[in-house]
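In what follows, chain A forms one complex with chain B and a second complex with chain C.
Entry: the complex of A and B
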């Protein structure tokens, strides 16, 4: 029974991590650049959710669209400040500018909201319930459902819509896409907005169960980076699998052995995967690695 | 890479001075208000500012506030910069142990007293006469932590959950040692990283060891996470936490019902009241900063007030202030402060407990270390 309980917890945690990693992959695929501010965008989403909740005491699902909209705006700003002015420079330049944006976000949140941990409202009101002796958290179920919907929506958008095709064309060859009449600047901005909105959702979901502080972004970006490396650089499905693997190590494996050893085993697993399949479990999307 | 980038953030500097008096002192406040220790560092800064803004009538104070973030070199640069401006009387120094260890050689070289809230034991074990710690270290608080669990609660099978940071490991070592001296062995111990989100694996492992009390030594967020998830998992044995649990911002993350049966060690608990002076301090603090004070704020307030008392008595040079701090007893709001010869000024610890009806803890036990001067 404990195993099932832990697996359920791991699934919910992995779903939230997957949203973080998904936003990371989106920008990676659109710009070939690593967005190191993604973790701080997650934290920003959590703080926006907490701030909205203090003014508007409603369930989290009501706040969700507002958080996504606000974070999409933040994403546009990040695109305009940290990517667009240096889009023709080597990808390493974007590493630096996104790190700078992350630090600005972190210290900005500290200055505006203070250093205290914050909590956001649950997506659905109401206490936990029991099924067959399992304590089922409404928030955990909501996290899994919301993450599944958003990931499915993202896959549909990318693979089955004209906008998604334009985004992929922009990622593959920006000059050729522009020559074909695709609004490249708009596509890049849209990608940043979508990635930030996903980060905002992850932030709102994580802030309720696990709280959020201005300095949490580093932990999230490390997990997203590992998830993407495990799953295959640039693969949406791979990022999802990587996020789940990390969460399962954090819940199932560490329930039976020491946390520190479990963390060591996770990194050993990452190294093993990279040794056996250097391009990750699902393989690397060609030419994405900077 | 992020830490490297942080070095380039210019420290926020604020210069100010209080009304004119007969004696002049310059007391820079060099504390971490950004980074992972920003919660505690902000309290430290606020406590210092409240004292500096209200000096004795015959003292004129000049001060600057600089953010030391989390890197030792930022703290060293801040101290160098403050010293280069000249006429420093004493420094309110970072509560981050690694920064204090980096600043100590400079304090010795420039002969300037550092008053700090750092809990790192080593800073007062290096024979440096220029450091003064105004927060009870682990050698005092962890003894109180262990004694309360064993002597007051009558528990014999404690489990220790600690953070894998330097702070956490130091606390674990002192806690385990104190328990051993009381004739009690821990039935379970585990360290966790600050990034751990799901505590259920930890709770299930601890439960298998069948402890009769859970002793925590975690930072603020992890403490609240553990308490919440332990209660959700049906753990109903007492929890005696580290000082993070006394912080109003930690309690604010939990429902009062989740706090029932939760106690914590700390140097003081200003929101719990106790006397008219502490209650006035809490009122003034809320009015000035818009938040509740914690033990770090009160401790730094007391420390800064003692430096200002030195100035009011005519001790305005660094050496005169050092001698005053070394030789004088000071009745602060939280406790009486005096040096043990190594610069440890705080020798009291309290245990606070929540009754489950609100987030306001009561002080239930007061512990005082043996007085080496008597």
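Entry: the complex of A and C
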């Protein structure tokens, strides 16, 4: 019984990690750039939710569209400042500018809200319910459901719609995509806006379940990054599986041994995977050439 | 005197003089302490320039190496009471040991994986520092770290410590200067901007990156040790990500490949943090904004930007080209290139479908065929850029399949590329001189340049010598690239479509040049789709189509071969008929 309870908790945490990883993969697939600020965008979403809630005492699902809209705006700013001006430089440049964006967000939030942990309202008001002696939190269920919806939506978007095709074309060869009449600038802006909106959702959900502090972003981005590497660079399904795997691992090992040991083992496992299978457990979307 | 007028040496020297004067005048303990901190970080940045600047790999472990150096000195100095000589040596050794340990899995990875892996290592070390309380003092750390005392001479805070730190910083800068001057610097530049071209002239990227990683760890450890002697306390703060961010920002602001940039970046950002003290801990906000602005607007850093400005506003006259000196090519091997049953497929496409080929030592073989017939794949496999699915390749009697591109270049097989791959900012002369690197065992830069000049003469590109590659026309670029491939002293040279993008006159001239360089006993394989061009110099011809050899022999034999006609003129029997003819 304890195991099932733990697994459920792990599943909720995994869904949260998956949401972070999802935005990361979205930008990766559209621009081939690593967005190191994705974790800080999540925290920003959480703080926006907390700030709104302190003004309007309404349940989370009412706040959700506002948080998403605000975050989409933040995403547009990030793309305009940290990606678009350096789009033709090596991808490592974007890595560095997004590190900078992350620092700005982290310390900006710290300056405005202070370092104390904040909480956002639950998506749906009400108490937890019990099934077969298992305490199931509504928020955990909400996280899992929302994550599942968004993941399905993103898979559908990238694989089955014209917009998704245009996005993938933009990632593969921006000049060629432009030559084919794809509005590349708009695609990139859209991608960043969507990734930031996703981060907003993740932030709102996480801020209720686990609290957020301004410096949490680094932890989220590392977990998302690991999920994406384990799952195969650029694979949505792989990132999802990776996120679940590390969250379950973390929850179970911390329950039985210790959180520090869990984290240490996790990094050791990642380094081993990188060493043995540099393209991830499920392989990369597309091989890199020598 | 002439040195002062070169590049941006004059403003840099003036700035250094002002800094020294200013520190003499306003020598309160606070500003001395700031300058000391700047010196400490300058050492860490000098190290970071090796891995992030010269080798071009985004490591996020520099802060970790810094912290390990700090903890080593902090723990051993305060708990065991050992002197500076021992603690400093260990503070250098431990980060380097960790770097060696993690380098195996980490260094062969591409940029983003390398960044993640180095970040992960940092997280593990930080966890250990916080949780191993009996040794590290946990989250509170350990106070009471002693000051520096070298051979029983105390170095108290204030002026003595400042001089000591800056003395070591200048020593580190000298080491860095010695390590990257001359051809090595160019080899690093080629490797970070075009790894393929670097491997093709025999540069062992992994080894070079490994060395850069170790030097970065060494200098970070030194900086960490000095940091803890300055602060007299060791805590997990020394391992936190903000140290990494500070080092990264200093490197980017100063200039990632300029030694002076390390000092400019460290001095500027250390003081910037103080000017923004009113933001309390959020001075990092200023670092973030500055980092973003610099990467977007001036990625070459302040020193690099100054150099560019000087070049534009007050261009220096190019120095005269060096005296040419001859270079002896490798000896002709006893046996040539033998290829048996070579197969390569990409997904469903058979790029090479059973190639058997022999090239005698000293022979020029022309390989032609339509686009997509497998010509470039053949060169890529012979030079180790791609692995064959089946078959064997021997050069000079030794099997060469599975040999990496850089190793095969050092063993005497070099190549050029379809699209020329030169370092655009470097002169033609230096582009060729990189080929003389020979794994760091090549001649000194002066000799290498003279030999490069000799090669440029031989290739009729004498006038291009002192012109940056970006300003050279296509025909000359080809010649420079061939000269670079020759500089690595090959016995087998493969040219991939050398006539592409050249006009009729340039083609004719290039054909004559190729014929001339082959007379030194070089074995040549030239791939092109232009039969007329190849027939100017080739001893023998091979026609490829759909991954198989459809015709081989002398010029006349191949020219009148029915399969060749059907390949180029089309016809009912092509390509299936062509393949039947081959069988």
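Some notes on this structure:
Operating definition for what follows: the second predicted complex is superposed on the first by the 279 of 290 C-alpha atoms of A that agree within 3 Å, B and C clash if a C-alpha of one lies under 4 Å from a C-alpha of the other, contacts with A are read in each partner's own complex, and residues count from 1 in each chain.
By definition in this document, contacts are C-beta pairs under 8 Å (C-beta built on N, C-alpha and C of every residue); 3 or more make two chains touch, one makes a residue touch a chain.
This is a predicted model, so every value here is computed, not measured.
Model built by superposing both complexes on chain A: chain B and chain C clash.
In the superposition on chain A, A:34 makes contact with chain C only, while chain B stays out of contact range.
With both structures placed on the common chain, the touch criterion links A:260 to chain B and to chain C. In the superposition on chain A, A:103 makes contact with both chain B and chain C.
Once the two complexes are laid over each other on the shared chain, residue contacts for A:251 go to chain B alone; chain C is not touched.
In the superposition on chain A, A:268 makes contact with chain C only, not with chain B. In the superposed pair of complexes, A:88 makes contact with neither chain B nor chain C. Applying the stated contact rule after C-alpha superposition, one finds that A:5 touches chain B and leaves chain C untouched.
By the touch criterion stated above, A:119 is placed in contact with chain B alone, chain C being left untouched. With both structures placed on the common chain, the touch criterion links A:229 to chain C but leaves chain B unconnected. Touched by chain B in one complex and by chain C in the other are residues 95-96, 99-100, 102-103, 106-107, 110, 218, 222, 260, 263 of chain A.
Listed in rising order, the residues of chain B touching chain A in the complex are 1-2, 5-6, 9, 33-36, 38-39, 41-42, 164, 190-198, 200-202, 204-205, 220-221, 224-225, 232-233, 249-250, 252-253, 291. Residues 34, 81-82, 85-86, 89-93, 95-97, 99-104, 106-108, 110-111, 218, 222, 225-226, 229, 233, 260, 263-264, 267-268, 270-272, 274-275, 278, 288, 290 of chain A are the ones that touch chain C when the two sit in their complex.
Touching chain B in their complex are the following residues of chain A: 2, 5-6, 9-10, 13, 36, 95-96, 99-100, 102-103, 106-107, 110, 114-117, 119, 128, 135, 137, 206, 209-211, 213-215, 218-219, 222, 250-252, 254-256, 258-260, 263.
Chain C contributes residues 56, 58, 102, 104-106, 108-113, 115-117, 119-121, 123-124, 127-128, 130-131, 195-196, 241, 245, 248, 252, 279, 281-282, 284-285, 287-289, 291-292, 295-296, 299, 385-386, 405 to its touches with chain A in the complex.
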